[in-house]
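Below you'll find the structure, written out as structure tokens, and then a few comments.
In order of appearance the chains are A, B, C and D, and numbering begins at 1 in each one.
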């Protein structure tokens, strides 16, 4: 151990995950925005349109994938900002758990919503 | 500009631990061509011996006089009074950010130097086939001549370009947020040491340090360190290069498994 | 009984090396310095680690001291020296005529010197004046003066010394005809205090006279400024000297990304206020261009004037004053407890420290011998802790 | 402030202080601000979508109100944030693994130009879509 700077890496994979989800987001987000707001008359889908859109199984998978990716990107970002805002080192695992839990709840809610609408 | 001496105003941050920081105004007569450090020396010699500031070489090789001048981190010894006076009136002089202030403009570099020690950077190294740092500043005809230097210089050594002034630590937004971060200079030091060392254990240890909790992944790519470095060390570029090395090593491991 | 306590005034190269030597001999040491480490003369140094070549004709005593000390420094602080050697370059017939005397002087003083073909010299130093007539290589080197002092002080601290920067000596405390300590003002706290001492070492460089004056003593130390001009890029690998007697503007020392041309010499009263004479700067640039014509094509990064502490002997011209140092035990002036060490140059600071510490130890009847020549220094980075 | 100076304690909000900083720090601060904004938007968006679970009439009446200029302006703001964050993200991803580090400034400027173009194209499509 030199001068107290350790080599432990609890959070070092997070940058790579952030980058990987970011890359995935580029096509998924483009699809989401264009499909839902640009190729649609009036810029928004009415209820029937939404239901039929989500009825397509490929679209359903892609939208759920989008939800998972965007949520993990967002949670990693929130965690990184919280760490930068001075969360002490020993509280960091708790923060990680908290954002993970929030992310899981968010995704679960989104999936429930998707299923409810397209049913 | 005339050769005459002129009176120039400065406001200098005065501070002692436990007291409120305040800006104190000084007017000082300096010669044309004087640097900010000359002005501080003059204030110290003629007006106030209690003014605390670090200084040694007065020619940008020791790194002691790094401070914020008009809100920008610079070496006071090579910052012209005339230029600083045009930017802001009065010239504002403050200590570096992100390091504890001992008094007035003096920061405690102990934590910073401990990081440099962790990087194992030795300040002498074998010379590269070009004269370091100066290379970009050389006027083009001189640069052509430089190419000749490439041959036969294996026996020469060089001091590292990094003068350990702490400017990159002061400008770094990640450093401002995370006190476990090794910071730009130390990470650049790790990159340099890995270039120079022939010891694979040393090299692996340093890469692990760079990949660790206080390492390269805490950098937020603002490139401020590279933009502000008075010695063209390019810490950001070296941090990114370390990331590339880490990623390719991990990638390689993934497939060997 | 605890070890005797010595207060060293000044954290320049002399004071730093002296503190290190005394601490190594087991004494309790406190260094007081009114500014930052090396904030006076030592910091604003030409950075030249003398091989002795510069003095091998005019001052062989200095030259011998230089080569011996350079070799010791190479052992105790190898990490913070650039040992690229130096060239003495002949540019005209008088220079060429000086060459034989120079080679002879080097041989007498034990300085390894060899003439190299001018084409080789130009290959090693592509910016050297291509009209050069001859070049002699000697083992000159470069150090960085701030780290030089920090390394001595870091080692002294590791051996128990206390270093108080931003602490100025206001008066010497005396009892009868004995100095018993110093009255200091600590600018960090704003508090004045007395530090007791068995012996006070005055290592204040060109300010040594001011300290001595506090005890109504005079020391023959003359503040003798020189001007150095630092160029905005590095134009040489090795130290470049004019192959002749030392004179103004005849040496270019590389330092990191710069080249420093030096130097001139005159005498001032107050070493705190040294105006930089513009004609000296012009002179440096002109003579620098003779050695390295490219000097005329790059900008000036900084100009520095700083007072050397020259120990005056009888002669008047400051250039002819010996570059060696003196240690004054002021008991000869009827005042006990005060020793002044002054003169010299950074290359010889370890030897100066040895002399001062010898005097201090003999006065305190401490039998410990000097071991600084064989003791590697710790990293300068451990000074701030 | 005095205590912070003596301890050298980090100020978590210093990254927002851009006085004297270069464009890289601006990009960093903007990336962070848009990131925070987009996370907030994500939850607002999910909240609004919950109206879908209440059936067609609730959703369709919401659609009617969402045509108001205020919502359009909000949408434009979100689109700007998305464009900046994702295009700057491309730069961060590339430089972050050691690619294009030397051209990071050029890269930033080019991507920002692209963001403006994409925003204008989106605006054009929006307006002609009717």
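Going forward, contacts are C-beta pairs under 8 Å (C-beta built on N, C-alpha and C of every residue); 3 or more make two chains touch, one makes a residue touch a chain.
All values derive from a computational prediction rather than experimental measurement.
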Legend entry - Chain pair showing more contacts of the two, A-D and B-D: B-D
Inset, instruction - Provide the C-alpha centroid distance between subunit A and subunit D, rounded to the nearest whole angstrom. - result: 15
Inset, instruction - Averaged over CA atoms, how far is the centre of subunit B from the centre of subunit D? Could you give it in whole Å? - result: 32
Inset, instruction - Go ahead and note the Å separation of the Cα centroids belonging to subunit A and subunit B. - result: 39
Legend entry - Distance from subunit D to subunit C - Cα centre to Cα centre, in angstrom: 58
Legend entry - subunit B residues counted as touching two or more neighbouring chains: 108, 114, 117, 177-178, 247
Legend entry - subunit A, residues touching no fewer than two other chains: 15, 84-86
Inset, instruction - Chain pairs that touch, all of them, please. - result: A-B, A-D, B-C, B-D
Inset, instruction - Provide the residue numbers of subunit D that touch subunit B in the complex, in ascending order. - result: 1-2, 5-12, 14-15, 19-22, 24-25, 27-29, 91-92, 95-99, 101-102, 104-105
Legend entry - Partner subunit B, residues of subunit C touching it in the complex: 34-39, 42-45, 47, 78-84, 123-124, 126-127, 142, 144-147, 149, 166, 168, 185, 187-190, 228, 230, 232-235, 237-238, 255-258, 260, 272-273, 275-276, 278, 294, 297-298, 301-304, 306, 379, 381-385
Legend entry - List of subunit B residues in touch with subunit A within their complex: 114-115, 117-118, 120, 174, 177-178, 180, 182, 205, 208-209, 211-215, 217, 247
Legend entry - Residues of subunit B defined as touching subunit D within the complex: 15, 17-21, 68, 70-73, 95, 97-101, 107-108, 111, 171, 173, 175-179, 220-224, 227-228, 236-237, 240-241, 243-245, 247
Legend entry - Of all residues in subunit A, those that touch subunit B in their complex: 2-12, 14-16, 83-86, 89
